[in-house]
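See the structures that follow.
First chain A sits with chain B, and in the next complex the same chain sits with chain C.
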Partner chain A sequence: MTNTLQPTFEQLAVIMEDKLQVPRDRITPETALKDIEIDSLAMIEIMLAAEKQFDVEIPMEDIDTDGNVEDLFQIVLAAVDADRK
Partner chain B sequence: MRIPEVRGGLRSAVICGAGAWLPPRIVTNDELAARMDTSDEWIRTRTGIRARHIVSPGMPTSHLAAEAGARAMESAGVTEIDALVLATTTPDRPCPATAPLVAHKLGLTGRPAFDISAVCTGFLYALSVAAGLIASGAAAHVLVIGAEAFSTIIDPRDRTSGVLFGDGAGAVVLRAGEPQEPGAIGWVELGSDGSLADLITVRAGGSEQRTAVVPQQPADAYFSMIGKEVFTHAVKHMTQASLTALNHAGWRSGEVDLIIAHQANLRILHAVSERMDIPRNRLVVHLDQVGNTAAASIPLALAHAQSTGELFTGARIILTAFGGGATWGATALTWPAIKVE
Partner chain C sequence: MTVHTVAGSVAESAVPATGRSGLLAGKRLLVTGVLTKSSIAYHVAQIAQQEGAQLVLTSFGRAMPITEATARELPQRPPVLRLDVTSSEDLAGLADAVHGELGALDGIVHSIAFAPQGALGGAFLDTPWPDVATALEISAYSFKALVTACLPLMPDGASVVGLDFDAGQAWPSYDWMGVSKAALEAVTRYLALYLGERRIRVNLVAAGFLRSLAARSIPGSARLEEIWRTKPPIAWDVNDPGPTAKACAVLLSDWLPSTTGEILHADGGLHAVVVLTGARAIRCPSCAPSCA
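Showing the complex of A and B:
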């Protein structure tokens, strides 16, 4: 069952589009973070914006620029699920 | 110690003068790029900094502090100061404190004078302590200075943190007054977390090094910073402290005219204003011209904003900072009518 308060990939993509100034169509789950020129500060900026958007705390320690956009989305989902418990 | 004349019932600290001083030598990003592996683009896009002022030979922190302090005293129209509080990360010497020498240079020999060490939060810590001196009746006029010769602790080969910092000094004069006056210092939210000591540090030169079991490295003599972690902590603590200060002042975010935050990194400032739901154009930005000047950052930004007219009489402002320690702080105040050169 889908929880209607669950963060959507679209919401994260909008945040990333704003922070990275890249076109929305370049942000797909499979997009490698290195391909959209995320620097380490941009990663933090995105996660901080996601914290505000979804009203959660996201642990920043393990976030790195390897992996893809889906990995970032999973981090956000995990934080939201942890917050609910 | 001179016994100050304090009228009964007037115990709030009110800003009545401000001044600033920057050493004349300017170093641009391009000049740095010519001698180390960096670029104007990297520095600007990562931090917003374009240039910084650097001390010349024979110009220790006391020199900058005295210049700024003199200008603040002139702005306030006072010659009698009861105490001098100097916030700095770069004292002239590890011992004694630099404040007594600055007092001496300003013709204030004999007044109580001491340093505050809270890195980039130093000016807010100093404001809080100075306001306490006035509240207790120990002083009627306090000169509060934030001064740094930060370039002197930067590793010349450090192309990450090294390019961020600059030198300079700013100061305010506080007088005894009433809590509702423009310029009155209200609640100053302050905090610390010593578990984060390694985030922003110069490891060598103190008792830790002198009692060390493990030999230290040459790089320990210089400043080091873990930028990514500082970024996260800074945004969160500056936001939280500012919201607490707003709460004490009874203001909503929308009522803030200007945020004068410690000028560490433009992207930190943007993240803080976004987190507080305050439009970006209410951020005072000075770091593009002077870089990160640590404890001098806030008073320099105040003087700069006053001189451009951006900071106007009656403006509701938030001052906030995060620094080494780690330390953090924020306070809300209404800006008074003062003359700044």
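Showing the complex of A and C:
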């Protein structure tokens, strides 16, 4: 699969809002994942939804519940970039 | 499409079988713990199918749709049965459900563990009993519960394999999960004792640290990862579940018919050695000039 559209942070935030039932305004690039109570299962749910939306395979071994939302977004971008090569 | 494989993984090394040939030809297996493609259990399921086995997987709750999606990535898509190992209702219905899919069971893979966050990450001295009880029930007692639930379907000579993390010593941050793994090891020995009469073998594979999402959710897991990246006498790839999956496959096969109550380490040999800083650079006397 090859993507032509670049994912946006807003798209990822909407996925997270839906999966976590967390208000959108609490999801910023700096938000620590632990502060919105992401467990490993929730992380997988978010990444699977992102894979579907962005038509890309995201390597689960790169995902970590440490860090912040921007870290997660960068993993998505890296997966899309890798898919284009 | 990007295909994420890991060096030396079973995906690259095994030839697909159809059930008529291979190390596990004709075996009917139940595999728990498949969540994503980075799950150890996924790689066990993959190599089992490649070696000729028929599978059912189990999952439950929020994990169920994830397991079902991951099951579609296997060489043959196996059915996914609902099983919460803490539910007496699920356990009571398991044998019938498996019978409907496979008829009987020649092997079980137990890859189930959980500890609340308060039982991990250095809080050992303050962890309350309810958190400890949860860890012990899901990570150790469930092995006995799963095996006895499946026992009516298991012929003499069947094989049961559980996933372990060496509980012979205390690991930083692993805390009550380490205690739970010690309990799992004891449960294994007792299952071996009580099922030996039927020649049902019960063994564990103690894997080295692997970078699954669950493992990295353990606070302080970076220290464990660093130990495995630098200390085993045989280099250990924390991204490759292949060696662990192969060890499970061998135990599920007919090739270790007198092995039970055993812990097979697939850990680069770390459990067997004391390694000081830089010790991998120690050379054997007989080949010091060439061996590094």
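Keep in mind that, in the parts below, the second predicted complex is superposed on the first by the 81 of 85 C-alpha atoms of A that agree within 3 Å, B and C clash if a C-alpha of one lies under 4 Å from a C-alpha of the other, contacts with A are read in each partner's own complex, and residues count from 1 in each chain.
Quick note on the criterion: contacts are C-beta pairs under 8 Å (C-beta built on N, C-alpha and C of every residue); 3 or more make two chains touch, one makes a residue touch a chain.
Only a predicted model underlies this, so the values are computations on that prediction, with no experimental measurement involved.
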item: Simultaneous placement of chain C and chain B on chain A, clash or fit; value: clash
item: Partner chain in contact with A:79 - chain B first, chain C second, else both or neither; value: second
item: Contacts of A:56 with chain B and chain C, given as first, second, both or neither; value: second
item: Chain B versus chain C as contact partner of A:65, first or second or both or neither; value: second
item: Winner by number of chain A residues touched, once chain B and chain C are compared; value: C
item: Which of chain B and chain C A:45 touches, first, second, both or neither; value: both
item: Region of chain B that runs into chain C when the structures are aligned on their shared chain, from 92-100, 128-136 or 308-316; value: 92-100
item: Residues of chain A that lie at the interface with chain B and also at the interface with chain C; value: 39-41, 44-45, 48, 60
item: For the chain A and chain C complex, residues of the former touching the latter; value: 1, 39-41, 43-45, 48, 56-57, 59-61, 63-66, 79, 82-83
item: Touching residues on chain B, where the partner in the complex is chain A; value: 46, 227-229, 231-232, 235, 267, 270-271, 274-275
item: Complex contacts: residues of chain C adjacent to chain A; value: 1-4, 6, 35-38, 62-63, 66, 69, 211-214, 216-217, 239
item: For the chain A and chain B complex, residues of the former touching the latter; value: 39-41, 44-45, 48-49, 52, 60
